[in-house]
Amino acid sequence: MSKVKDQYADGEAARAWARFIGDASRRTRHYGAFLRRLLRARGAERVLDVACGTGVDSVLLLEAGFDVTSCDASDQMLKHALRTRWARRKEPAFDRWAIEEANWLTLPEDLPDARDRFDAVLCLGNSFAHLPARPGPDPQADQRRAIANFWGCVRPGGALIVDHRNYDAILATGATPKSCFYYNNSVTDIRTSVVYVDGEAVEVAMDYEVGRGDGKSVEAVREESQKAKSCFRLTYYPHRLDDFCALLRDALGPVAGHTVYADFRPTPGYTHGLEGDGLGLPDLE
Amino acid sequence: MSKVKDQYADGEAARAWARFIGDASRRTRHYGAFLRRLLRARGAERVLDVACGTGVDSVLLLEAGFDVTSCDASDQMLKHALRTRWARRKEPAFDRWAIEEANWLTLPEDLPDARDRFDAVLCLGNSFAHLPARPGPDPQADQRRAIANFWGCVRPGGALIVDHRNYDAILATGATPKSCFYYNNSVTDIRTSVVYVDGEAVEVAMDYEVGRGDGKSVEAVREESQKAKSCFRLTYYPHRLDDFCALLRDALGPVAGHTVYADFRPTPGYTHGLEGDGLGLPDLE
Amino acid sequence: MSKVKDQYADGEAARAWARFIGDASRRTRHYGAFLRRLLRARGAERVLDVACGTGVDSVLLLEAGFDVTSCDASDQMLKHALRTRWARRKEPAFDRWAIEEANWLTLPEDLPDARDRFDAVLCLGNSFAHLPARPGPDPQADQRRAIANFWGCVRPGGALIVDHRNYDAILATGATPKSCFYYNNSVTDIRTSVVYVDGEAVEVAMDYEVGRGDGKSVEAVREESQKAKSCFRLTYYPHRLDDFCALLRDALGPVAGHTVYADFRPTPGYTHGLEGDGLGLPDLE
Amino acid sequence: MSKVKDQYADGEAARAWARFIGDASRRTRHYGAFLRRLLRARGAERVLDVACGTGVDSVLLLEAGFDVTSCDASDQMLKHALRTRWARRKEPAFDRWAIEEANWLTLPEDLPDARDRFDAVLCLGNSFAHLPARPGPDPQADQRRAIANFWGCVRPGGALIVDHRNYDAILATGATPKSCFYYNNSVTDIRTSVVYVDGEAVEVAMDYEVGRGDGKSVEAVREESQKAKSCFRLTYYPHRLDDFCALLRDALGPVAGHTVYADFRPTPGYTHGLEGDGLGLPDLE
């Protein structure tokens, strides 16, 4: 059985990513409120976070009182989650945190008890787009399987929430909006590569180079970054909004409801909520 | 010193390529006539073919009476040329064929006697486009160096002839015109991948799959092709016409003349003639 | 800075090893008693286990009331230890278990608070022999550095306990005593390879093949084993007793005491106790 | 079908080897005389050299009037042979030199016209020992197949000549007799590694480091050698004399005659002559 490749396998990317994202609490304040409102509006209690990474979102949900199972294919990412859980083991909320290594394509085997069990399954943070096209005649077969595996963990009447960046906008320009960003006092150059096969975009790669900003040129940051090994590449399948809606239909057949949230215009992306009961996901904002 | 990577290193591609091209004499009849007229119009005698491959073009030139030095970075390709030369060693023309392994980026070291020596230097068959972008701030540095190295082998008043496919047309559609070709009784699927970095096309990859045509579907050919190991990938830097003219100027500075031949419209490509004497390359057709 | 390579990096070896070792409690009963007596005889409380692997020995020590810091270079092995610690988090003893990823060659950086801190540092289970010869003029340089790094974590007056198998016996025959072992109902073939460089043994490799025993031939086990991916290779530096004593002297200079325990004759090996105070390690048995 | 791996594939070893061997004519004077006497004593005319390398021995035989077919699995080695043949193409003897790329394990396919054709098949220069043990239950299967393939090219009544170094002597000491040799004004360090599996020697590796001798230390030569990339590793199966005789019997069954020539005592090696007619190979010296 094929597996999702772990882009964070060497630990270096996990560390660079942590440096790059910096103070998680600031970044996720707005985002977390959205997510909690959405889950509470549906009365969700048991949540599966299938792309927990270092556990940032999962911790927000635990703190908000949810019962959380977190999984990720990257054991390098999970190390951080495991460390956090141990450090906060005396807080009762953290007793309700299950952390498992699991691959989306083998979810039924990796999480044998998860079937039909969760009020909500989350795949957030642009994680789904890490799943690449499979070479060959059916490039999106793995993606459909992963979506179906996620849905298999949703209890009847529960919801699946999956997001992706606004790749329509990225593909329109072929470049990340500005080539230089300031996050947490570090200046960063992002080089964007797009691979088209027979006219269809099938991969976007972003080469991040993270350095200290002190009025340095992009070139200086690049060189420094390469020396410090703080450059890393992340690759994505560039889901266009219409194509992703079609992918969900192909993978799941008819579902009771499908709501699309576009959090910021024109980027960064879209959040899809799929429900099993037709009560409707809340109309937030 | 960096070197051009040998895309034919494993011998498999060289063999598949030979199967794919098939009867060389038919394919090159038209092309060869063009080349001989061009060289004779300039009174060329000594010719350097810097991308001789299996030697098809070089043999045409030997048979037409030119004194030919052939080189290639791929020793797998050169094997075929060496075998041909040995088989025809009793023909006086083949006594005048020098065959050398040489890399464009180290041409002065690899062919120490070639400096200023040839009436014409040829880089044909879309070979130049095999030289990829170099990662980093100056992606076309290797390409400029190769052009300069070619020019260094041209005698004062001689000419450099280099061609490339019509990548403007390929990039406009993102796909090779038809996805199915018939060459020499074999049906072939060509998958075209294009890589853009920050909006600039920097690589075109063509995945060839060669099979027997008998009304088979493309899928059947693909599968058969993969079993028979007759699929192979060739990658190119997609030189746009305007950009390539600029590249030549950047590499060589002012030259006495520059003529562009567009052999077929809208594809496959362009042939550039650069001269050192300003007598003009012939106006063919 | 060079690092010890993780022989268990792919997780496969860690799983096969767990299957192979089987019921840990039975195997370690005798061994654990030896270890506890040794540590108690010296009044040790704080113990550093630098080769904890899945944590089997560390758990024995925790249960016996010691304060344990465990580390290993293999994060695949540590996964098991971390899982055990979480599962038993309600037991007070397990609150006193620190688990860290650390490499012997970079111990001062990886465990910055460990300097001079432990009553006893343990490197057991034939783990030290995993550290290979370094190619070049000083093949045992890494081994001396690791020993010195261990010793740096021993408080003044504390002890370092390090063991190795009886490689003198293994080298004498060139083969593991019997080529077929029964452990926990699984029949196993061990193929032993020894590498000599200029007459000196510098590596012993053991290829384990683990299968179910049902009167099967070794060949049948091998084939089954390869299909099930339950074969794995572990490599060791074959420390001869005299040479290892010399290595300890070279790495540490004079120490207050050095006792050698030979647990079983003629194999499997030797345990070395080095002390910082000269009170003597206990004369057990 | 498996193939012999080309130890000279990167061209570097071929060049280093040429530098190391140096003036071929001096080295081979004695050896060549032995070979010519042996072949003439049997009235051989058509000779197949299955390990021709750069062609040194083949050239000696051509010059002595034999009709030579040369083959080698290493196209890097063959490049030198092909260059020599072209350079001397006007000498009638060289018109009778066929050079082919061929692998011992696929000789019938690679040289389809060679069956039963040659008066003598030669595998000299310690080349046969390059064929390694095959992992698995029958480590010498490839070696038997190669011997059988050689024999298949010998005409009825012809002879097979194959040599190997005196590995009995090498294994007795575990080191190449002296660790420092002077060849052609270059000082060389040879590090010898021997791999034993379950007590049987299955591989000898020799790491050569070639440098200029000017009273330099071995260490200085090593460092210089690594910088100049003139160090290389060659690996051998260490054929003991008795075992090799058994191997020949197992591969060929009964043959009319088998003579062993021990050229120098105690090293370097043995030459085996196997005949198809029982007239006897000559008793030289």
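Note that the chains are named A, B, C and D in the order they appear, and that numbering of residues resets to 1 at the start of each chain.
Keep this in mind: a residue touches a chain if its C-beta (ideal position, glycine included) is under 8 Å from a C-beta of that chain, and two chains touch if they have at least 3 such contacts.
Values in this document were obtained by computation on a predicted structure and should not be read as measured data.
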item	value
Steps in the shortest chain-to-chain touch route ending at chain D and beginning at chain A	2
Most widely separated chain from chain D, with each centre as the mean of CA atoms	A
Comparison of B-D and A-B (more C-beta pairs in contact)	A-B
Gap in Å, rounded to a whole number, between the CA centres of chain D and chain B	40
Whole-Å gap separating chain A and chain B, where each centre is the average of the chain's CA atoms	45
Sites on chain A at which at least two other chains make contact	none
Listing of all chain pairs that touch each other, if any do	A-B, A-C, B-D, C-D
Touching residues (chain side chain D, partner chain C) in the complex	137, 173-175, 179, 191-199, 219, 222
Complex interface listing, chain C residues touching chain A	75-76, 79, 82, 85-86, 89, 101
